[in-house]
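Below, chain A partners chain B and then partners chain C, in two separate complexes.
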Partner chain A sequence: MGVGKTTAIAAISEAPPISTDVANADTSVAKATTTVGLDFGQLTLDNGDRLRIYGTPGQSRFDFMWQILIRDALGLAILLDNSRPRPLDDMHTYLDGFADALKEMPCVIGVSRCDTHASPSLDDYAYALQARGLVLPIVAVDLRRRDDVISLVETLLVQIEAIDAGVSP
Partner chain B sequence: MNISLALKLKAASEAQHILDEIAGVTAVVIATPDGFEIASASLRSFDPSRIAAMASSISAMGSVVSQEARLGRCKCITVGTDDGFALFSPVRNEEAELVVNVIANAGAVLAQAMYRTATCVKVLEAHKSGWLPPRIGE
Partner chain C sequence: MSFVLGVMGIPKVEVELLRIIVRLSSNLRTPWTVSESGVCDVLLLDSASASETWHAPSAPLVVVPMVQRGEPAGAAPAGRSLARPIFAEELVDLLNEITPDVRAGKAEATAQSARGRGSRASLIRWPAQVTLQKNPVYMRLAAALSKSAQSAESLSALGRVDVDECSTFLGLLEQEGVLAWLGEAPAGDALAARIRAPVLSGEPAGERAGLLSRIRRRLGLA
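Moving on to the complex of A and B:
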């Protein structure tokens, strides 16, 4: 929660993004609003294909939305905030929540606020993934920057194309 | 978002009244817009926190749909099922926004449940606590 999913979608969406943010009543997080339904944005790729991007609420109590939104998705980007108390635990929560989808679906991990919070390092994330038998791209991102978010999406698209071409990503 | 004890008590009272007055209603949950239960009443054991989270998502989706379709303010969302229905109604009290969620079995009359839920919404919107919890540090 608070990693910047809504901001990331707003950074790259061509049309005004659809957002379901409401007032945040969770006093443990210094945040005025939080997503409770979904975020939606759209991006046209160079080949003319249109990419639809959906953001989910981050809190585990909304995990039913994770299962709704992951249906028929081409790929998954898990965004983590390195300034949170236990970002590796956050990653495990999402890996558990999307475990079924991850058996076949391409996935990329984006880690924000690495500039102000160096630990855990990207290597730490890679080791944690390896311990679960997963090898996924891990990218440091500033989710306010369009170029960073586009780069994250491109990393995911490369994996999707590799799977479509029958090559292991 | 601070919600006064008075508003929580009023919400608890309304939830129990809906459960008692409308045949077929099995559970009532009143939650914050971001999915925290503040009051609930039910005929059976259930997890109100789960229902509260779903109520907030569905209510937010209803608001977006009504906004995109330029249909004005979302007042109620109904999910009809084989064995009953669920109603979700947003509340706009000046102190706090809330969502009322009513779950009913096939024995309930939809119009009756909608009318009673709308009354509950009006009561909660008109409620003035006249008291707010003190801020931390004051």
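Moving on to the complex of A and C:
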């Protein structure tokens, strides 16, 4: 919670994202509201198709929603807050929750607040992923910056293109 | 084959002089160009400059300090240095002397890293940040390698990047020990299974390519 999912979607959505927020009851996190349903943003492409962007609640009690929203998705961005007490544990929680999807689906990990909290380093995340047999792009981001959010999307696009162009089974 | 003389911390007037000498000299055995940024084969630097920030290719980088005429070369390897003020004959002699070493270094790096530009490899770990920060395009190339086995040629097409830069990147990754080449993973290994590209569900690749192009245009990435 508080990593910046709503902010990230707002950075690229063509309209203000629809959020299902309620007052935050967790006094350990200093934010007024938190997402308990999902965030929804949209981009209309030049042929009229719409790219839908969903932000799921980060609390593990909402992991049932993760499976619903991930179905038929083009890709997945996992956003982590490096200022949290145990961000590597957070990553493992999401990797467990999306384990089936991650066998095929393009995924990028965006880590925020690296400028103020240098540990764990992005290389630490890479080693943790390797221990799980995963190789995922890991990018330091400021989710308030549109360019950083777009770079996450581009990383997903490159992966999709690589899958289409790479060696087939 | 031509080589690149990189310069760092050298005053502009001296850089222009270097350019004129390498362009006009008829005594250079191999063509050279002068570059103030990007990859280079030999780096000429003012002794006060730090060379670590230079984006060097995977081939060994020869560093030549500039010294005042009459002063010792100090720690320069094999005593190589270039004295100020610059004399054309000395620069030409230096470049001719260095050329065999540079050529040998490039050949060794190419043999190490290229394995043929058609050889395909995939990542076994996301590269270190120090590697990715050498070149802004490396993030894109690494993302491609994270999902399927690619060669320098296919990376070049995917990433819209010069194939030599892709070969250089693969060389850096191999030096870092984060690459697995196709055909080297033991049978039944989970890594081998992952190197085989996953198949995305949904529409065929051709339709998906059109969708991805439209997304890129919409986000200003085209």
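The rule is short, and it goes like this: the second predicted complex is superposed on the first by the 158 of 169 C-alpha atoms of A that agree within 3 Å, B and C clash if a C-alpha of one lies under 4 Å from a C-alpha of the other, contacts with A are read in each partner's own complex, and residues count from 1 in each chain.
Convention: a contact is a pair of C-beta atoms (placed from the backbone, for glycine too) under 8 Å apart; a residue touches a chain by one contact, two chains touch by 3 or more.
These figures come from a predicted structure and were not determined experimentally.
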Overlay on chain A: chain C relative to chain B, clash or fit = fit
Inquiry  = One more residue to check, A:P57. First (chain B), second (chain C), both or neither?
reply    = first
First (chain B), second (chain C), both or neither touched by A:L88 = neither
Message = If we overlay the two complexes on their shared chain A, which of chain B and chain C does A:I18 touch? Say first, second, both or neither.
response = first
Request  = Scan A:L45 for contacts with chain B and chain C and give back first, second, both or neither.
outcome  = second
Task = Using the touch definition from the top, say if A:M65 reaches chain B (first), chain C (second), both or neither.
result = first
Task = Could you say whether A:P137 touches chain B, chain C, both of them, or neither, answering first, second, both or neither?
result = second
Key: If touched residues of chain A are counted for chain B and for chain C, the larger one   = C
Ask   = For the overlay on chain A, what angle lies at chain A between chain B and chain C, C-alpha centres, nearest 10°?
value = 180
Ask   = Is A:V108 in contact with chain B, with chain C, with both, or with neither (first, second, both, neither)?
value = second
Distance in angstrom between the closest Cα atoms of chain C and chain B, superposition on A = 25
Key: chain A partner contacts - residues on chain B that touch it in the complex   = 1, 3, 32-36, 49-50, 53-54, 56-58, 60-61, 63-64, 68, 97
Key: chain B contact footprint on chain A (complex, rising order)   = 18-26, 34, 36-38, 57, 59, 61-62, 64-65
Ask   = Across the complex, what residues on chain C touch chain A?
value = 120, 122-129, 139-140, 142-150, 154, 157-159, 182, 190-191, 194-202, 205, 208-209, 211-212, 214-221
Query = What does chain A use to touch chain C in their complex?
reply = 12, 43-47, 49, 51, 72, 103-106, 108, 121-123, 125-127, 129-130, 133, 135-139, 150-151, 153-155, 157-169
